[in-house]
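Read through the structure below, which is laid out as structure tokens, and then see the notes.
We call the chains A, B, C, D and E, going by the order they appear; numbering starts again at 1 in every chain.
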Amino acid sequence: MRRRVKKRFRDGAPPVLTVLLFLLVWEAGVRLTGIERWLLPAPSGIAASFADSWELIQRHTWPTLQEAVLGFLLGIGVALLLAVLIQLSAWLRRGIYPLLIGSQTVPIIAVAPLLILWFGYGLLPKVLIVALVTFFPVVVSTVDGLSSADPDMVRLLRSMGAKEWQVFRMVRFPHALPSFFSGMKIAATYGVLGAVIAEWLGASEGLGVFLIRSQNSFAADRVFVAITVITFWSLVLFGLVCLAARWAAPWAYLRKEDSWKGEEKR
Amino acid sequence: MRRRVKKRFRDGAPPVLTVLLFLLVWEAGVRLTGIERWLLPAPSGIAASFADSWELIQRHTWPTLQEAVLGFLLGIGVALLLAVLIQLSAWLRRGIYPLLIGSQTVPIIAVAPLLILWFGYGLLPKVLIVALVTFFPVVVSTVDGLSSADPDMVRLLRSMGAKEWQVFRMVRFPHALPSFFSGMKIAATYGVLGAVIAEWLGASEGLGVFLIRSQNSFAADRVFVAITVITFWSLVLFGLVCLAARWAAPWAYLRKEDSWKGEEKR
Amino acid sequence: GGGHDAGGGDSGKKKVKLMLDWVPNTNHTGLYVAKEKGYFAEEGLEVEIATPAETTANQLVGAGKADFGISSQEYVTQARAEGVPIVSIAAILQHNTSGFAAPKGKRIQRPKDFVGKTYGGWGTPIENAFIQTVLNMDGVKTRNVEDQVKIVNMGEADFFTATERNVDFAWIYYGWTGIEAKLRGVPIDFLELRELDPVLDFYTPTVITNEKKIKEDPETVKKFMKAVSRGYEYAIDHPKESADILVKAAPETDKKLARASQKWISKRYRADADRWGEQKEKVWTDFTEWMWKHRLIEKKMDPDKAFTNEFLPEQ
Amino acid sequence: MKLEMEALEQSYASPTGERRVIDRVDLKVEEGEFVSLIGPSGCGKSTLFNLVSGLERPLGGRIRKDGSDITGATGHVSYMPQKDCLFPWRTVVENASLAAEVAGKDKKKARERAERLLPVFGLEDFAGEYPARLSGGMRQRAALLRTVMADRDLWLLDEPMGALDALTRERIQDWLLQILSRFPRTVLFITHSVDEAVYLSDRVVVLTPRPARVKGELSITLPRPRTREQMTSEAFLQAKQWLWEKLHEDK
Amino acid sequence: MKLEMEALEQSYASPTGERRVIDRVDLKVEEGEFVSLIGPSGCGKSTLFNLVSGLERPLGGRIRKDGSDITGATGHVSYMPQKDCLFPWRTVVENASLAAEVAGKDKKKARERAERLLPVFGLEDFAGEYPARLSGGMRQRAALLRTVMADRDLWLLDEPMGALDALTRERIQDWLLQILSRFPRTVLFITHSVDEAVYLSDRVVVLTPRPARVKGELSITLPRPRTREQMTSEAFLQAKQWLWEKLHEDK
């Protein structure tokens, strides 16, 4: 039990410490350089503003989170589907990649009128944009993971007469899980911001709306309140993905733990 | 010789075909639905506009490319450094990650004033923004790659009395190369668009400037010309990364080719 | 944003979509008043106010995806030249309240002072033309303004930040940014466009709809404009109350700024005109001609078709 | 004829041109026969198994099973590759029931069967362990268990007991003989132990150094069931001697 | 005393509680001695090597080399682990010169030395190949070459020849004996072949099944240099017999 508490502390302390240090340096920097608070508010100012806008924040968080999570899930689904298709056929791999990359190089704001025209102002276009932003890292990592599966395992399974989808399920996919989660971590980080950007195209509520309206009122402190909230939820999403990775691929941490144990002892 | 030509064709045909198909569907869609050309121009219209604005494009491409490539290189450098630091110390891993994720969740547009205040309007802030956008996927993938190195190889090397940096150079890094390149592929895709967004915050030339000017004068065809150019160069960057991956980690493609050979025969 | 009117949601009302040009600000106060006070409801309309990104409204109104939008004369002109069938149906402000601004320390008191300085803009060709025109007025002849003034796109960065750094002057709307400067106690020099050259006294912002709507459903347009007009009349008479209505609809807006801005702008909605919203033909023809001269539009556009006063309520 | 190899040929690319590995190998195996292959390390034994199992397609020649051509076709054999190839994400029991899952058989039944067999392989305490936690010999035993569980009528075993101590090896050899006498299978077996080859086989085939050709073969006429006592018999020693000389011939 | 193990203990977590693997092992090895460890598969031999090489820290006990405590310290031995652990991104020669690179020695010289040794291991044609293109036995030989190249004064070899055919094995055994007689080293050697243990060693230590304890040990008094002829000598057969019985004792 005590070991567990100790471990919790050991795992929890570093992020808390670095973040505190970062805030301290920021606060000191602002105070020492005397930079105007409408340019860069100090953390203390942001905290105060946080308290003031607490209710507004709460109201605006839920829609954004909803868009982010739904879009993220959709993005992962699409990514998995595409990754499987790409891995199954060399032809598709070569053929689809340019389109995928194309999908990432279109500035969302430049096609805003089309998005609104086609999908309106509701939840749908936002979820689609988040999916668009998040699916790509997952596809790239997963495809790389799928195709780097141990060829000998693949061969062994084939010798058992396995169909290609069985090779997939039993070798490629478990092997690709760590890569898949790498991609997911990147995607999770982009999810909430993706929703915020989507809201800039037209929304009546959400953190994106809160942010842009605050910015337009030259309220830098509230802009940073919004950013803090966005960062917080991105961290939560990221953390959930890390947990999911451990849960889904315990074997990948088996030997690593052993060797970490070793490292710490020395 | 003939086999080589045939291979070239086999590799080159799918992307060309899918892209052509995509353009064809687009053209047909525009013609059939009769969507206004100031909302969504047809590929033919974009091509015509392309010819018209050829000189403008050329003038605006170079600055953007420069920003994208310099920023990308800087981003990779920073990413490698961070990945090594994070891998070397569990403490740093836990401590730095929240800050890294934070760096990705701050909407660039919201902190544009600060960026401009600190770095002015020149090349520097654009390069920094591209680096900021590109370094993250590389860090995440590389860290995952570094830490999933075969613990037995690590142990073997340690038994030889290797220092931690040698373990790095000889095991972790080669092992992480495929993951590193996964991250690079994602980053390469974001590089050019990152430069374009950076230009929105303040620039007098570049594709971002060209794009926003075209958009503000409702010249949808020229907006799409800009997008085409952005996509083209993103593809080039992505392709270069793929080539570099093959060049840097030939062993990773050794067995894969064998088994592909097998697949194709069957 | 948008408050809820008491009668909202009953099926008898006609649903109408209105798109702003940007986030809610004092240019839009009359619209929010009309909604909050139930003027729309009295006309049998249920208005949804949407806030899309920047110039998106022009295209979406043009495509009929929204019934009304907020735009401005230069956008309407350019959009029409590109074939977007939008029509300006009311001038929200009677005069152009925008102009070039610089912090006092930059010593920019007249267009001549622009020479050798850096201009931070929105990235539209029209700004080059403005600068060229005003330089011309002040005796600086040039074929390419960028030989005289360095022009950078400062995009989303606000005036105060931009001018902290390399940027010397920028194009601002006095009613918002200028008021903010006052509130902050940042002294600025302000060169109002219309005072530099009367041709630059164009309408910004304006209410728009599309040609099809006018042709097929003039009744709704009329009703809509009646309510909007009432909204702005109220805002003219009650700056403080109307500012609060705006802040209620968009609570993220800074209340102090909204009130100060409203106080300044309310007087200028109607200004010297007979009624709120009135647009003069001369303003449209002159400014269109000016835009053509500066090659800001590639095709000639008939200014008479670009606007109409026919939906403004009779006095 | 259970299995026929006809003029099999295989080569690989190497930095210094083509490397011939299998050079016209002809080999016939009867139904129920136990045939061992011996030959110097690197001669091409594992490659031959890859060809028979259909994982690689030969450059030349044909492979027939029960009369029908299976050249390049997979799914006809139980194959234990030389490296254990245990799936790191599956426990011992899950690895063992792999083939059953591939064949779409009842997973639970397969696991039960695997668990019944674990004691034979000395793995009874390790049913739920991941392979990363096993010793070298235990991994090999787990891999053999998996192959046995796959249970086609033709088995290819590539050095299945190389990493085992003598005692464990004997126990598993005897278990194998017993199982095969009860449920006959055709077995191709690669080993480096001449003793093992003679003790288990009906016939031992000696291959040349790379490129592999059949250099000679010997029928083992020792009666079945085999017993450890036979290992000191004259016939056994003669067979060993003959094979030993055949192997060393061109040295 | 070259190496002293004192009351070594090691355990691992298992799904069913703690699993004791090493149970108070005391062992002393003299300078220049060749000591073989034999014991059933899974008993804890490789674990013992991991402790001595410093890769794992024992739960209890001490390890001393040349009198100084090296418990948990790496870099004191040349270790050939049981699985070959060849680096897939290095060719055979590059793998062989790994230790030299770690020690910061001249890379080119190391490569030259590796290339001179390649024929001993029958790898002369494979200097520039990646491990993925080698056969099982060739990989093992490459790993042994790498260990020999590392060349500390204490070698730990974990079943270094398990995957080799008799002939290749004999050649490498003899080369090893010859090298050791010219440049004496202290060697700890794990094998499953009692023959091999007796032929190579000065002393053979028999371990119990898991958890490993020293069950007995036998000094091999056969004169050096050893020759193949000795393998049929009375003393050799007696030693084999003794070890065999010791191994099977508690069965």
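Details
To be clear about the criterion, a residue touches a chain if its C-beta (ideal position, glycine included) is under 8 Å from a C-beta of that chain, and two chains touch if they have at least 3 such contacts.
All values derive from a computational prediction rather than experimental measurement.
In this assembly, C is the chain whose CA centroid lies farthest from the centroid of chain D.
Interface residue usage between chain D and chain E, two copies of one sequence, is largely shared: over half of the residue numbers at the contact are used by both copies.
Chain B and chain D have Cα centroids lying 48 Å from one another. Mean C-alpha position of chain A lies 17 Å from that of chain B. In terms of their C-alpha centroids, the spacing between chain D and chain E amounts to 27 Å.
Chain geometry summary: the mean Cα position of chain A and that of chain C are 38 Å apart.
Counting partner chains per residue, chain C has residues 59, 63, 156, 158, 160-161, 164 touching two or more of them.
The set of chain E residues that touch two or more partner chains comprises 55, 83, 133.
In chain A, the positions touching at least two other chains are 39, 113, 117, 152, 155, 215, 252, 255, 262.
Interface residues of chain E facing chain D in the complex, by the touch rule stated above, are 12, 14-16, 38-42, 46, 82-83, 122, 125, 128-129, 133-138, 141, 158-159, 162-169, 192-194, 244, 247-248, 251. Considering their complex, residues 11, 13-15, 17-19, 22, 39-40, 90-99, 101-102, 104-107, 110, 113-114, 117, 136-137, 140-141, 144-145, 147-148, 151-152, 154-155, 178-179, 181-183, 185-186, 189-190, 192-193, 196-197, 211, 215, 220, 223, 226-227, 230-231, 234-235, 238, 252, 255-256, 258-260, 262-264 of chain A touch chain B. Within the complex formed with chain A, the residues of chain C that make contact are 1-2, 19, 22-25, 49-54, 56, 59-60, 63, 65, 156, 158, 160-161, 164, 180, 184, 250-254, 257-258.
Touching chain C in their complex are the following residues of chain B: 36-39, 109, 112-114, 116-117, 120-121, 199-204, 209, 212-213, 215-220. Chain D contributes residues 50, 53-55, 74-79, 81, 83, 85, 87-89, 98-99, 101-103, 130, 132-133, 150 to its touches with chain A in the complex.
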